[in-house]
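Quick one: the structure is below, and I'll ask about it shortly.
When the chains are written out, they are named A, B, C, D, E, F, G, H, I, J, K and L in that same order, and each has its own residue count from 1.
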Amino acid sequence: MSDSVYKVVELVGSSDKSWEEAAKNAVETAGKSLKDLRVAEIRKLDLKIENGKVVAYRAKVSLSFKYGLGG
Amino acid sequence: MSDSVYKVVELVGSSDKSWEEAAKNAVETAGKSLKDLRVAEIRKLDLKIENGKVVAYRAKVSLSFKYGLGG
Amino acid sequence: MSDSVYKVVELVGSSDKSWEEAAKNAVETAGKSLKDLRVAEIRKLDLKIENGKVVAYRAKVSLSFKYGLGG
Amino acid sequence: MSDSVYKVVELVGSSDKSWEEAAKNAVETAGKSLKDLRVAEIRKLDLKIENGKVVAYRAKVSLSFKYGLGG
Amino acid sequence: MSDSVYKVVELVGSSDKSWEEAAKNAVETAGKSLKDLRVAEIRKLDLKIENGKVVAYRAKVSLSFKYGLGG
Amino acid sequence: MSDSVYKVVELVGSSDKSWEEAAKNAVETAGKSLKDLRVAEIRKLDLKIENGKVVAYRAKVSLSFKYGLGG
Amino acid sequence: MSDSVYKVVELVGSSDKSWEEAAKNAVETAGKSLKDLRVAEIRKLDLKIENGKVVAYRAKVSLSFKYGLGG
Amino acid sequence: MSDSVYKVVELVGSSDKSWEEAAKNAVETAGKSLKDLRVAEIRKLDLKIENGKVVAYRAKVSLSFKYGLGG
Amino acid sequence: MSDSVYKVVELVGSSDKSWEEAAKNAVETAGKSLKDLRVAEIRKLDLKIENGKVVAYRAKVSLSFKYGLGG
Amino acid sequence: MSDSVYKVVELVGSSDKSWEEAAKNAVETAGKSLKDLRVAEIRKLDLKIENGKVVAYRAKVSLSFKYGLGG
Amino acid sequence: MSDSVYKVVELVGSSDKSWEEAAKNAVETAGKSLKDLRVAEIRKLDLKIENGKVVAYRAKVSLSFKYGLGG
Amino acid sequence: MSDSVYKVVELVGSSDKSWEEAAKNAVETAGKSLKDLRVAEIRKLDLKIENGKVVAYRAKVSLSFKYGLGG
């Protein structure tokens, strides 16, 4: 039954517009090599600041995909 | 003093645009029958993925409303 | 080495549009007096509700800045 | 063995005197319709403030009772 | 988009054999009335003891099902 | 929209009678200078002990008030 | 420096009046044999219910005392 | 009211078959000397591995029993 | 001293019988390529449900193995 | 009883030698203006890295001091 | 299989030099009577302060040893 | 914007001297192949014990580096 084993990874995506786009960047970058992603949980949201202004929205996402297929 | 008792429920809303709209869907669906909602806390955010693409933003919200008025 | 000591504060920002704007309001209000902000972590997201409708998105952010420069 | 299934609910009670009375209000309001309550765990305590004065003590309690008997 | 709103409930199941059976009792009791259950997360495991012996295994499970269909 | 930014502070109050009075002392001491307090969450309760006897009940409370008005 | 080693224990006290008295019962029962108690942190508060009424307030307290002096 | 004071202890049991048996070993070993055990909460489950194979299931359980009766 | 560095990974195993078998599937699938596994901590247990019936028990396990040997 | 109210602040100290020195820097910088510090809890430890090398140890500490005396 | 039951205790050690020495003091004080200690997890680090200076580093450690051998 | 995606990994380092050296071993072993490490958060500290003596200090660190560059 080893085909039903999944691996969990955490990625951090970034966007200058929104946390939705930051999470999407992380997921879709991973999705190029990982074909079996189904759900991604948000672990943390933060903001990068320069000169008192918000310059990026960042989202840490937890992804699971079939073990043995890279990552 | 039983009129001041509140019940807490958790709902999960979904949207293909944003977590704001996902949370709003959950709150406003509940709001049709629950007249005394005042605040909703976000418990969890996640993403639904199909073919390596994000297809939905989901938000789990915790709502409180007067006990005895449904839910 | 006291110049490397930072203080952590928590602020809650609000917006009728999005959590991104709520967090940005908190950070940029603080940024007027605090010149050394670099990162802000999101501690909590919630919603203010009136008459069954969402009227504000609120974000609690944790900021750190050099100790001794106000706050 | 379905008769041994319990449901968990969270209620928030309020009192102008004490958290004990706040929790008791929540439990005993529920107890009117739920005959099988045995234990209630405190999940959160807070205070309502008006004009710089404490006007209410509130307690969020988690209750379990037999599934299928309302709630 | 209200059809995509889910409600989360917590149930406690019990068994004299295993936590698997305890969780299954909770889920399948709920499943009689709730047709759209898909996943159940375990929130807590405990044991009931009498005269120094384990007499029951109990599992608290968190279930989500479509809002408006009972619960 | 900077007028809607709030700051969060934590205070510890003390009383030889009850946690209610301990929390009230913290809130009402702060309330002398902070006019816009509305809610205070309890973060921790503890006891001070001398010679095997409880001599004080202490409550750590988290307060939010309008940013820029002191604290 | 072994004289400065402390041991941590958790006790649950009970009272039909208040959580303050429940915690005090736990501390002062322990205090009969443990001479060096200085602080006790509250880990959990709950309620015992019979026939829909609150019959006891219970407090779980964490105590530390010098290692080697019983407990 | 000192007769109503309970002490909490944590034990780790082990089994080569199941977590149920691991927890039962911990509880029933304690039960030989502690006559008043009523409930045991599971705090952690883990596995011991040798040569890439699972050789034991381990369960950390939290037990409470009347203070003054050993432990 | 780099030979003493370990890497932590999280895997999710699945079984239609028990959480023990689910965890074992995850560990032993990993164990085929990772020779130095010694302990695996359970991070989460859940259930997959179809048509109101439990169809799989799933366990998320955290494993550590020598860094540089794959994973 | 307002003299017994304490305020809690979080500071982050830094050192190129150890977390002990990082925490000490935070405490003793604060100690110049805050005369009543008695205990500081460590909330988080981290490392700053440049070119693959550790360049600073950082400690986030939580301090409490008498309310009304600065901070 | 009762010989494989372990008991968990928490001790707090102290040192004027480092948290390593504080934890070591706790472990080695316990180690005089407990022969089967194998691992100790750090639960909390703090600092004792007098006159604005750090006077002790303290570490709370969680130890497990064979049940029935003291502690 | 895939160039801004980071991956998070957890490593456990070990030292017979200090947790600082344990964390440094983990970071600098990883730093040989991962050029873009900037910060490492400490997730857990523990001690390895043999014959009642501390033989190693271990630190679990969480590192993030650019996705696609190994790990």
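Here, a residue touches a chain if its C-beta (ideal position, glycine included) is under 8 Å from a C-beta of that chain, and two chains touch if they have at least 3 such contacts.
These figures come from a predicted structure and were not determined experimentally.
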item	value
Given subunit B and subunit D, the chains that contact each of them	E
From the options F-G, J-L or C-J, the pair that copies B-D, where over half of the contact pairs coincide	C-J
Whole-Å gap separating subunit H and subunit L, where each centre is the average of the chain's CA atoms	33
Subunit C and subunit E, separation of their C-alpha mean positions in angstrom	39
Distance from the mean Cα position of subunit J to that of subunit E, given in whole angstrom	44
Contacts with two or more other chains, residues of subunit G listed in rising order	18-19, 28, 45
Every chain pair in contact, whichever chains are involved	A-B, A-C, A-I, A-L, B-C, B-D, B-E, C-F, C-J, D-E, D-F, D-G, E-H, E-I, F-G, F-J, G-H, G-K, H-I, H-K, I-L, J-K, J-L, K-L
Residues of subunit J that touch subunit L when the two form their complex	17-19, 44-54, 57
Of all residues in subunit A, those that touch subunit L in their complex	9-15, 25-26, 28-30, 56, 60
Residues of subunit L defined as touching subunit A within the complex	1-2, 4-8, 64, 67
Interfacial residue positions of subunit G with respect to subunit F in the complex	18-20, 23-24, 27-28, 31-32, 34-35, 37-42, 45, 61
